[in-house]
């Protein structure tokens, strides 16, 4: 809402929330209305930030009315109902919608331009994929070596619902991994996209950790290069890949990406460390709620509507 | 449980929790059992850490079996059902139990020794009363001047239940007052005890704030002295009052009490600042969960059972 | 630098820092230069963020060259060299400059318009004065009652210099008062300005605390009203006073000001609690580095240069 | 000092600090004295917590007087002056002392018993080595695969000296890697000890991060097993290895180690995640100042003096 309220080409019509119905929507003169009262006919586009399972049916409904839809849930990110069922444990509510363009503009821009329906990725896949895409796409990685991602997420990445493990006292001063290895739901989504970038992408080892800060996500990525490439050359590869990307910054060699580079911005930052010739360490950071969620959704929206890609984002 | 598990005279028989039934009780070899399964006949004493309204009936039941009861809820802290109704909005579930000795050992020790039932106070009243009691009891304060308490509480003082306002992201980097002035439920309890110390105690102005730390509570107290007393003399008064108190430390003149003085200890610390001759500023600190709750409950238990007062607490 | 870099009417010529000389200035294409290399002739106005004692001579030098000067140090905030000496312990370096318009636009706007030299106040005086000014100016307060300010400051208010007490480990999880009562240097400055608003202003009791957050300052103010006024009426008085102020927001009755209302903004927020008819509790908040320092300095600059008052600030 | 003050077999004679000379030593009745005033003849053993380069000469002096010495600096941890020079950039001040028993009791207990001089390791090497030692010692790892350690350290691990990067405002809400890959000074020390456990140990990739908490260190370790071993079997290997270790706890399969398991204790906790048959993820945690420094130094001291190994530590 904060981003859209300041977006030069957007006029907000309504925001829905059953929990906060009647409460003022910050940065606007509107109040939240219950989901049922949303009049989809009154708008050109809808952003869906609903739980998975609830989101796809609403997307289908909005699409039936000819509206542009940016879906921030997990429902439309996996290309087939089978993979969806595997990771989310339930039958896909609207398999007829699949597959949907994946909303990572830096590697999917052409499919997003003018699209009617987009599945916007969240903070873990976005940050990981931006970090590893250049070496994958240019086939620099040894296919038999795993791609190790040690990720750390600020608590805003875990949603607003009050849960025992998100109570201030539980998180404060603590730090720990959860869903380590290959069991986090985003493993399927990240591997799907990695394989589009490179069909021989190695096995993903992905361990997220809960970081006791409100905002910011870091993916620490450890990869092994093919013998014909050298880790020090990755700096040039990344600088070239992202040279014209307005929302991704590759830091100069020797600097390290920090959360402060990106928190409260819509951008990502990446730093590279050649450990030896063949081992490369990549640090990729975003703000969970911006480039890792809403900011990127608006970036997709801009491409779908033919607006300047960074409208409302700089 | 942590304190009791290390207490030299205690053998834990059971711990109840409907939410965590079956889970291991830290520091023990026990697992939580549902409330209904608690066999009160198997114990000498029970600690009740239940919500108000649920606690008094359980206290009555345990008393009927002849058990010593330390109640940490609000149910038994107010002396009459009328005052209870005023602050908690419901009829008192067990008015026949009232009044009950108030579990602040430093000012109520004789009534606690050998008592069968004690109402243990929480962090706000304990910290405030320890801070203001010496000048009240010795009648140093101008009765027509208000007693101003600007209090700051770490989040553990707000309980473990997940609530939107206790979500990590809501508390982190924030700070704010709540229930300011004279509307917080503890105002009634604090004034009741202040009037026992001095029937002419001034009006209490009490504003709690939520502090973005896990543990520690500070009461910043501003009082006005009668003209026959001088603020610089308060130092000696407090040192004398607490000279033999094992769990209350008066800091030397010129030092200020900090949360680090008391966090993870069962003690309180107090510092005094003579602002002018007649205005005195008092800072009183405790750990919400220790001297501000469980530690003090065990101190009461020790007095009730005739054990050394600080058994298990140093 | 961040504010000025985005200011529509400002072109940054240089920034000085002996410690960081050569380092890039964030948000600009400039690098810091040593103080000695600053070419004052190249600019229209200078912002001085130097330690006290070093700042006044630089202000004098810039004034001699006819430049507009906004001084953020303490050197020019006290009206006479005597009072300065009392609070800062050294002879005033440039007594010929005194007195200087005090940079609190909400209560000094006319003197700031077109001024050549302004003393911009810091976070404690700004937040306190905005909170207490309406009742002082309209003479609502009992002159014999003290004005009690229990203030809490995020660590950015303490400056960037590394000191043992600002080490992360010392501040984290801790909270404590410092310079309590009437010894903090800002007591003199706040009382000076309170007396301009009302010559009969009561005694200031001012106790700052260090809050374990990076940004945000709260002044919790406790005042006693004359019998002809009623605390509930203060709401209307404050709303009226600040009705046309673009950077001060009075919250609706019943809401409480929080740090989140102001952090990373150039504004202040104020909430009012009528405790009884005669006792009023006021909560005033700012961001230490914005309305509490740089944002306000730019607001003054705008007035001095005849620019729109909020240019670069909204 | 806190540990020693409560140690049943220790009588503290003095503590030195040039910075804090004259200040009270917490938990004792002593005050710090300047280094020069330390009377080594009055004691049986000395703990040295000095900067590298300053520590070895003091160790030599104490040894010449026949005193037991536990050195917490880096001076005596590397076995040869050449390796020391490589990592610390200066000639070793006392090469005649090398090599010295390495103070990691779990894997070096026999050499520590009765030893006169011990080099106690710090938090990064201790936590990493405890995490990786079982698979190294039993030769489970593919020698050609790197051992990847993504480490996160609370700020107390960085020392007490005030530095710009340890200022509260710099650390708060931030998170970042530093000295990534193979350039951190502890890489040499960790590899040295890994090679003692297994001469074929793979290349160490070690990236530390600064975690915005005061205490706690986590080493997240990613290793590749030889084909004859299976990651799920590692659980039994670790449980067996540490079965009789009083200060190392292997968590049950499926649980993850968190900072809260170890903060303010003298122990370590380890959890294991079999990612696939051949990839194993190990999480090892300690408190920087306890098992990661002082607690372990006291554990060594106990072994050197023939005391019960955990005296003063449980």
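In order of appearance the chains are A, B, C and D, and numbering begins at 1 in each one.
In this text, contacts are C-beta pairs under 8 Å (C-beta built on N, C-alpha and C of every residue); 3 or more make two chains touch, one makes a residue touch a chain.
Keep in mind the model is a prediction, meaning the values are calculated, not measured.
Asks: List every chain that touches both subunit B and subunit D.
Replies: A, C
Asks: Which chain's mean C-alpha position is the greatest distance from subunit A's?
Replies: Between subunit A and every other chain, the largest centroid distance is to B.
Asks: How many angstrom between the C-alpha centroids of subunit B and subunit A?
Replies: About 47 Å, centre to centre.
Asks: Centroid of subunit B to centroid of subunit C, CA atoms only: how many Å?
Replies: Centres of subunit B and subunit C (C-alpha means) sit 38 Å apart.
Asks: Which positions in subunit D touch two or more other chains at once?
Replies: Within subunit D, residues 173, 212-214 contact more than one other chain.
Asks: Please output the residues of subunit C touching subunit B within their complex, sorted ascending.
Replies: Within the complex, subunit C contacts subunit B at residues 146, 148, 150, 152, 173-178, 180-182, 203, 205, 207, 209, 211-216, 218, 220, 222, 256-260, 263, 273-276, 279, 281, 283.
Asks: Quick one: which bits of subunit C touch subunit D in the complex? Just the residue numbers, please.
Replies: Interface residues on the subunit C side: 155-156, 160, 162-164, 166-173, 212-214.
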